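Just below sit the structures, each encoded as structure tokens.
There are two complexes below, and they share chain A, which is joined by chain B in the first and by chain C in the second.
Take a look at the complex of A and B:
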């Protein structure tokens, strides 16, 4: 509200009457009933976060999936193998739906991934050749948010570049490039700050392998179950201030 | 005398005043320091009170030099209130005092310096700048509220924008430097086509490495070339390629793949003088534009150097698994010869800049246009991104955006000039009275309050006279010079705006005097008084002079200081209140009040600037002087801790006209003045009596401010719990005994300090023919 002041200065020997007195009281009753703002509190009046309501500045929505990546992923609960070869794939468990009056949102997906380089990762009998890594993104109401893509967004032009060795073929292999994150284990955050209209919205985290340069299924080897996701979390922060 | 000879005239419930000599009896000649109540009476003005009381609750400190940290406000130039942010959660009150802009900080019981230099108390401000502090007549500091923040227009400096969190100059006055383009160069320089120059073969059919497009920033997909990046790069996208009618190779060789690797070899026996396609010469240029945190765009930089590519056949060096290149060239896909180029030296902008937008031509040799188009931020083609480079740091942009993706044409933006006036209308910020062109007005882009496109400027006055006012009306935007008025409307074609002349004779002399009553009527001060524009029906007849009744006063307005007038409409009373200088004062020492029907005045403070808070309080706040104390004042509010002689001694005065002047040749005797008042306190008011057209007081009497027949309870006397009950103030009649024998006309001046409330008067008189002895009552 800002500051309020009584309108009338009531003093001797004015007539005792109700209107001026009520008019002097009314502003304070009005403000105290819900219109106080920053000007009504002394600096540092609130000296601790505990004095504030949880949703005073932000409202959080989050989904967490925990998975142990130090065990055989094929039998470990909540491990998600990336199976899609050519398109974005929903990350299991990382989906949330919220209803809003509209505003600015900070959306984050924090993911522990495993896309081991050729023969650098061996667990049991896994072929372990998820060498080209993974890309991540977020979607709002099924639309991929371009600014959240981890890795290249130029899917037409930026692709896996690789060569088999010369003699004998396949004995050596090297990769010119990959547009995703490629490592035995990595952590990655995909994020975006978005303005959403009023209504109900669904946010998802997505994953895809980098696109191959040529039509060579072996490059990604989608059926090999070599690239997988372990512990992961989707966080939607409604920014109120 | 015989009571039958007496007659009562009235009741006169005077609510407005006029300076004219001959008036109806129910119009006063002066009503000063009264305001109308919701119940229809006139009540004496209260207050003002200091919005930020000193520690003792008293007045701010007087003094010319501004030191607001000690409560010394100095010379005030402007005041404005707005609610910003979501749901209006930022409550912003700004003042300009001296050379600084301050923001009210209720949490500190003080002010925080928003714009000011290190040399001022409390400095530096959130933004360092300083404005000339002058008492030379000038417009008050202009403010305008937008959907995202406040535009601040000091009269001696450039404009600023404040969103409640961050303050910075409005838009850009600066122009970015041009970027530098990088593209391929040609190592081949010879003109001798004997095949030996610079070791590059130029034999037909063997235009292989050739020295074309193979140096400098040269990137394509041709294997075996110095243009690099080959397989990992992917395709370049710039440049126009053509394919021959005869495709040489039906079996394109893939690297590392199978097939006949020689099938596409250009060896003079297979090529038939043809190749797989070629790149045409091309040429591109680019510009840079800044974008700030509010979406304002800077003017475009100059155009970069040209980036060119030369004609080049699409061939690549064959290289084999072990031995590498064998020196022969092979047919390549035409797409492989397209290029990527780059732009460097992309100028970072001032601090408020959050991104740079790059614009590029299409291939000027083939596209047929030299227009600039916006480059997307990346290959996803997300044209909705706010900038090509969403930062203010990097200086290089690898450009692999083909001409076909360039859709959005650049808009030519002009630098933000220094201007004196602004107003939001049609979703744009209109600025006027610029330093270079005082007669110009110019709209911003919609919603981008500091971005002004070129070629939309209007000179409403054909002679280019100085713009002295911009105001939003129900029918459009009003633009004023001091002697003419124009209405700005969207043009009938739907593109741009046009100007309609409302009056070539009536203008506005003070932009601060512009205000709108609740019924939509716009009021302002012109050369010879106050004017109103209702905007209804025929525009040309919409302007009317509304201050004829107070010409006697308006002609005393200090002409040289008219431009410093300031006005606002009070929410509670719907009064238009305009403070201006009277009788040569340097200060705005009088307030003219118009309520839609007539005029009053008040002299309770000297406001340099005034505003009404844009919240549910609807406070009228004034920046200026009260009792020679500078400060921010809350009008129509009074408190016990700020009581000084200026308040306690201030009189509310109601002076009647010369009553019944039309029959002044018939002399009359006045006996009794009946006052219809409303009880207020245990005090009296004074009644001065004048006669026969002379403003000489011939008699002064008093009347009680309560009814003697029904004495109310008073503060300070009534005992708590003694049976007194709360009651509404009642109106009552009281009488003042006067005796004015044989007068042509009468006039009465009712005056009193403190609180009193006026309803009306009635006069008992007798004509000279009534007979009988005239004995005072």
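Take a look at the complex of A and C:
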């Protein structure tokens, strides 16, 4: 028999916990019904990895979108232009849903970003709005995982700004305190290790600019196709043991 | 659970405090040695399992390669998305392995024997979880000082490659990552930096030179990422090329990297 003694003794005036009661009854119920657990197996019961089930400890999920960074983004397949709203936006293709009995998960997103600092982009002119860069994060069931944010979770404290000098208009050093990553091309990774309860869960990768517009609010154009994402991958590693 | 050796008291044997303490001490030590996963319901513990771990690394001499604090120079220029090679005869020539030249300082892991990905294959490796970080120092363009293009208007591309034979290397297209030279001239292509713009510098090459940017990459290599899911592979490596999408004129185009590291985790896993 697995356990001869209840794991949790109940004492007056303790509150009776449902989980504790279940754990007290479970070994007897399972063994009486013929179920096996770790106590029924001998030492060195398995002599090779091949005897273990594929998902004995790790289950892998990934989603991939390929897009060519070495081409004009306006005519390239799978390029995702980022909306200039400062709300988290789902990254196209980087979403996975899984059902679990609960456990620890390692979530990784690896993303190719492009946020040209000035309007002269190497593959042609884009509207000037990329200088503030992009921020990235992961979400679990639509809740942003704070520990995964590449950028800032709080944009209220410090003013992000830029100046439009005559020459050079809007070059990199005219922008200050942006929390985003800005460049004609950059690579970013967002990761988190999370514990999830039993059930079905959805993980997504997110993106947002830290500022909607340039120094002139009238120039704000949320639909401007200025910043974009190319090849990207979302990986979810279930760590079951 | 850990081993707990408890010597039961035989009938007729005298005992004292020390002998009792010794007996109970084994129990206390064993219980204190419990790990969380050892006491979970239904969990198989390390005592049940094989010495082989979940990381199926038998064919891998190492799982991590790194370059220390040494600049390394690369002259190959990127041309083609996913590489310019033709499988299986000719590997990609528009990128080169990341290496500082020292012992163990090539980001390349050659397996001791060919492996096949996929749990249905004998190696039992579901996939390779690959982690790469590269410290991009700067790029150089071969033009004379004072030329409007003196400052680099270049970038760099890093990627993961595999080899079927230890000789020809092919790129996993999804692993290509690009970083632009984050310099004034680089980001503002029509601009030649001057002291009026960036301050009191006496020489043009005293400023606007260093990029010093980390290029991270994470990827999961699965059988379907290969030309044939049963394709045998003999190695994984990280490669780099100078990215010159604007075809800027210059006698040379080169890139310098500093620290870099490559980690490959071959996992026994469900997919």
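Here, the second predicted complex is superposed on the first by the 153 of 241 C-alpha atoms of A that agree within 3 Å, B and C clash if a C-alpha of one lies under 4 Å from a C-alpha of the other, contacts with A are read in each partner's own complex, and residues count from 1 in each chain.
Everything below uses one rule, namely that contacts are C-beta pairs under 8 Å (C-beta built on N, C-alpha and C of every residue); 3 or more make two chains touch, one makes a residue touch a chain.
The structure presented is a predicted model; accordingly, all values stated were derived computationally and were not measured.
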Touching partner for A:209 - first (chain B), second (chain C), both, neither: neither
Which superposed partner A:9 touches (first chain B, second chain C, both, neither): first
Contacts of A:187 with chain B and chain C, given as first, second, both or neither: second
First, second, both or neither for A:233, with chain B first and chain C second: second
Which of chain B and chain C A:110 touches, first, second, both or neither: second
First (chain B), second (chain C), both or neither touched by A:151: neither
Chain B versus chain C as contact partner of A:43, first or second or both or neither: both
Chain B versus chain C as contact partner of A:23, first or second or both or neither: second
Partner chain in contact with A:70 - chain B first, chain C second, else both or neither: second
Common interface positions of chain A, toward chain B and toward chain C: 37-38, 41-43, 45, 241
Chain A partner contacts - residues on chain C that touch it in the complex: 37, 41-45, 47-50, 52-54, 56, 78, 81, 119, 124, 126-127, 129, 153, 155, 158, 173-174, 176-180, 182, 184, 186-191, 197-198, 213, 215-220, 222, 243, 245-246, 267-271
Chain B-touching residues of chain A, taken from the complex the two chains share: 1-19, 21, 27, 30, 35, 37-43, 45, 103, 146-147, 149, 152-159, 161, 163-164, 166-167, 176-177, 213-214, 240-241
Chain A residues within the chain C interface of the complex: 23, 26, 37-38, 41-62, 64, 66, 68-71, 108-110, 112, 116-118, 120, 122-123, 168, 171-173, 183-189, 191, 230-231, 233, 235, 237, 241
Chain A-facing residues of chain B, complex: 46-47, 49, 51, 85-86, 89-91, 93, 104-108, 231-232, 234-235, 237, 254-256, 321-322, 378-380, 382, 385, 400, 613, 615-617, 634, 636-640, 643, 679-683, 706, 712-718, 724, 726-729, 755
